[in-house]
Amino acid sequence: MAPVLEIQNLRKEFDAFTAVDTLNFQVEEGSFFSILGPSGCGKTTLLRMIAGFQEPTSGTLCIRGRDMSEVPPNRRPVNLVFQNLALFPMMNVQENIAFGLKRQGVGKDEIRKRVDAMLERVDLTGYGKKNISQLSGGQKQRVAIARSLVLEPSLLLLDEPLGALDLKLREQMKIELKKLQAEVGTTFMYITHDQSEALVMSDRVAVMNRGRFEQIDSPRNLYANPATRFVAGFVGETNILPVSVVSRSPLKVVTSFGLELQATQVNDSSSDELDLFIRPEAIILQHDGGGDDFNRFSLTVRNILFDGSNTKILATIGASDYELTVALPQNEQFAHIGKGDVIDAGVHLSSCRCYPREAA
Amino acid sequence: MKTHFRLGLFIFLTPVLLWLLLLIVVPHLELLMMSLQGKDDMGKAVWTFANYRHFFVEKIYWYTFVRTALYAITVTVLTFCVTFPVAFYITKVVSPKFSGFLTILLLMPFWVSELVRVYGWMILLRESGVINHLLVSSGLMDSPVEMLYNDISMLMGLVYTSMLFMVVPLISALEGMDDSLIEAAHDLGASPLTIFFRIIIPYAAPGITSGSIVVFMLALGNYLTPKLMGGKNSLWFTEQIYNEFIASFNWNQGAAFGFLLLALSSVIIWFGLKLSRQELGRALS
Amino acid sequence: MKKLFAVTTFALMGLALNVQAAESLKILTWKGYAPQELVEKFEKETGMKVELTFTNNEEMIAKLRATRGAGFDLAQPSQDRISSVQAEYKIYQPMDYNKIKSDQIIASMLEAVKKNTKVGEDSYGVPFCYGTSGLIVNTKLAPEAKDYSALLDEKYSGRISYRLKRPTLIGLAFASGDDPFAKYSDPTAYKALMDSVAEKMIAAKPYVKNYWSNGDALLEMVRSGEVSVAMGWDNGGWKLHGENPDIDFVAPKSGALGWIDTFAIPAKAKNVDGAYQWINFMLRPENAAVFSNTEKYATASKDAGQYLDAEVRDNISRSFTAADIDNIKWYPPVGAEIEQMEGKILDMVKAAN
């Protein structure tokens, strides 16, 4: 299948600052594609270039095979759901949704039919005559998406649309959005700085940093096999220890406080100074079995962060002051753990991922 | 507790109520009574509607009113046309830091009195004035022409005097508008013209309405500018009221004219609100 | 805002206190009728504080009518605008001529004013100064402007200015060969006369540059050459003559309109003694001459002549022949219904296109 969006060597420079740095990627028809990155990484600039509000400095941008460089925003087959939604406050729900259809010159009856169908789709049947100010945050959200979706765009762009919602609603909307996308089959391109949003909803996620994509992958791969130090640090929680190489193949490293660990090298690097990344859930407590592939050490519990299914402990490793976050499995087995306890722990060498130390 | 609250409310409201009563209601009642009085043939004071009837019977009076009202409406429309791009530029185009500076520049002429501003225009426009001097000395014109004392210079003067009262509500209305609304409309397929008429104008409508009401009332009630800049053809309804009071000593007629001005301008505003489907409360809030 | 309010309040209170400190004399008068030099001299002599409000005949009446004669200690209406106003609104108090130093005043003028301002048994005015309305002409640009009819002459198109007030109507009525003053008593005939005058004014309206309302603004227009024929007061023409010999006051052939401005005491004046002192002070020959020399108006003070500048004496002899002086039309007292009628006619002229 042909890609909906195809981007080649796309660059955007503002004066001395490069916001988007020579990007190449494609978005497949019908997929939920997310761009995840910290604020200022250039993701909004990229989105605005796709929508047509900003002109690329160089490179091409094709939608369904058609070059978009000369096409103004109101003629592009993409629609954007704004961060602040940008619903028209002087129109009611119906008029908001009908706005784009009217511009296309769709007949009155047809408009009514399509607006009603759209309202039903986003679960807002009967809300057509309401004013925007009468809606709750989640309802506004749905109207904003409906307003764009009703135009049946080739590509729906969403600019952190959940940012303004409170946590509970955000969790709920994540699921709704994913369901909606599956139902309508429209390609969604979603940008966010919230990794959980990106991981939960997307088919593919591009992690963006300083105008470049660090990795484009499925959420699972992104989490399990981060390709770069940035991705490893940005996606998911992790513990970082500075280490020095003791031997290569098999890789052995030593921490500043003398703990030797077997590890996996991710990026080729000749540097002897590396950073070791360990996910909190990769550390297995009271580990006594296992083979030679396991690193073993002791932990001294400093604090317990109780958070239901997401409870963690903070513990120092070995004789050091380095604090690790360790996920606590949800069985009663560890209910007795208290502050000051010393526990044996282990971690498999494949979960000890080393990346070259970042130049400070 | 409740009586305390009542007392407090009473104390706070008293000055306002007194102000309203003594400075607005009472004088108006007296004017109203005056407007309903006249003299019979024997020179005795009687109650009569004659003062109001005169307005409708004597062609010159309602002619002057219609002329004044039409010009006031023209001034309102022109003021809007002139100030809207300015307000839009200040709020949406330039950087916020610069826009504050521009707003102050815009307000600066209004720190001096209307009289001074009008005289300023007169110095510029008169036959031996600055503009004529420049045009003649630069060879663009052979002899100076009189640019004052016609309807166009009067309209210009009125627009100039009214601009502030339109631009301030427009700026505050447009300032509240998120730029993303414009982009959203653009994104949904609207052309710039559609965006202007469907998004920007409706959004700024309360500001436009309140600005228009103020400008219309100010233009209608202006006395100085038409008299000084309009010259010989500029009979303005307020001047007629003034003449009735001052030149003809006919306070009864003047009071009736005053009330007619109040009533008719209210009717025009009501009609304008109906036409634009705006509500007074919303526009003034 | 609050601060502003507080400051204003204080300022007003300060003003009020100030006023109470020295006894004040509030005078409602025309611009130029109380030269600064004389005000200072009077204040030094009497210790009173003089407060001036400048206005014109119509506003003077309206102001006093609104307060029923309160708020001012002395007013200076024209003599023809006193009796009918007094009869209807009772805004002045009878003049006590025993308190006036009548030997300072031209006797015939005092008598005429007494007669013209009489209502019932009492009279209300003391003459202060007199003058005429006529033409202010730039004789180089409009050498043939000799009568009011020049104000309607196409020859001077765009160079004409006059006041849209009753003197213009009356002047033009005289120029048409009629005598409007004789018709004061017959409103119907008077209206017919004025309607015909208005008709001519409307027909000649395109030639008018503008209707002036401020004397200084008129003089400025004549001075700059924008206006070459105007109707105005003699002193204005004479002032300009001093700057530019081409400009002068011309007594119209059908007669300059003569007016006498007076002193009259409002009904509820607080400082009546001060008012009488001011009247006697202003008519003292050397003081009257100061006024005449600066403003070029002729004074009602009998012996001021010896103190007058030669220029002021020349003005009169240059603009008026003996016959012109005999031909001056002095305004008789005018009734309210006449003024109302004129008001409407003037509105019509202004509204016409």
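All chains are identified by letter, namely A, B and C, in their written order; residue positions are counted from 1 within each chain.
Please note the rule applied: a contact is a pair of C-beta atoms (placed from the backbone, for glycine too) under 8 Å apart; a residue touches a chain by one contact, two chains touch by 3 or more.
Source: prediction; values computed, not measured.
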{"item": "Touching both chain A and chain B (chains)", "value": "none"}
{"item": "Greatest separation from chain C - chain, by CA centre", "value": "A"}
{"item": "Gap in Å, rounded to a whole number, between the CA centres of chain B and chain A", "value": "56"}
{"item": "Chain B-chain C separation of Cα centroids, rounded to whole Å", "value": "35"}
{"item": "Centre-to-centre distance between chain C and chain A (centres being mean Cα positions), rounded to whole Å", "value": "88"}
{"item": "Contacts with 2+ other chains: residues of chain B", "value": "none"}
{"item": "Multi-chain contact sites of chain A, meaning residues that touch two or more partners", "value": "none"}
{"item": "Of chain A, residues touching chain B in the complex", "value": "51-53, 72-75, 79-80, 82-84, 86-91, 99-100, 103-104, 147-148, 151"}
{"item": "Interfacial residue positions of chain B with respect to chain A in the complex", "value": "178, 180-181, 183-191, 194, 198-199, 202-203, 205"}
{"item": "Residue numbers on chain B that touch chain C, as the complex places them", "value": "58, 60, 63-64, 67, 126-128, 146, 148-149, 227, 231-235, 239-240, 243-251"}
{"item": "Interfacial residue positions of chain C with respect to chain B in the complex", "value": "58-59, 61-62, 65, 85, 158, 165, 205, 208-211, 213, 224-226, 336, 339-340, 342-344, 346-348, 350-351, 353"}
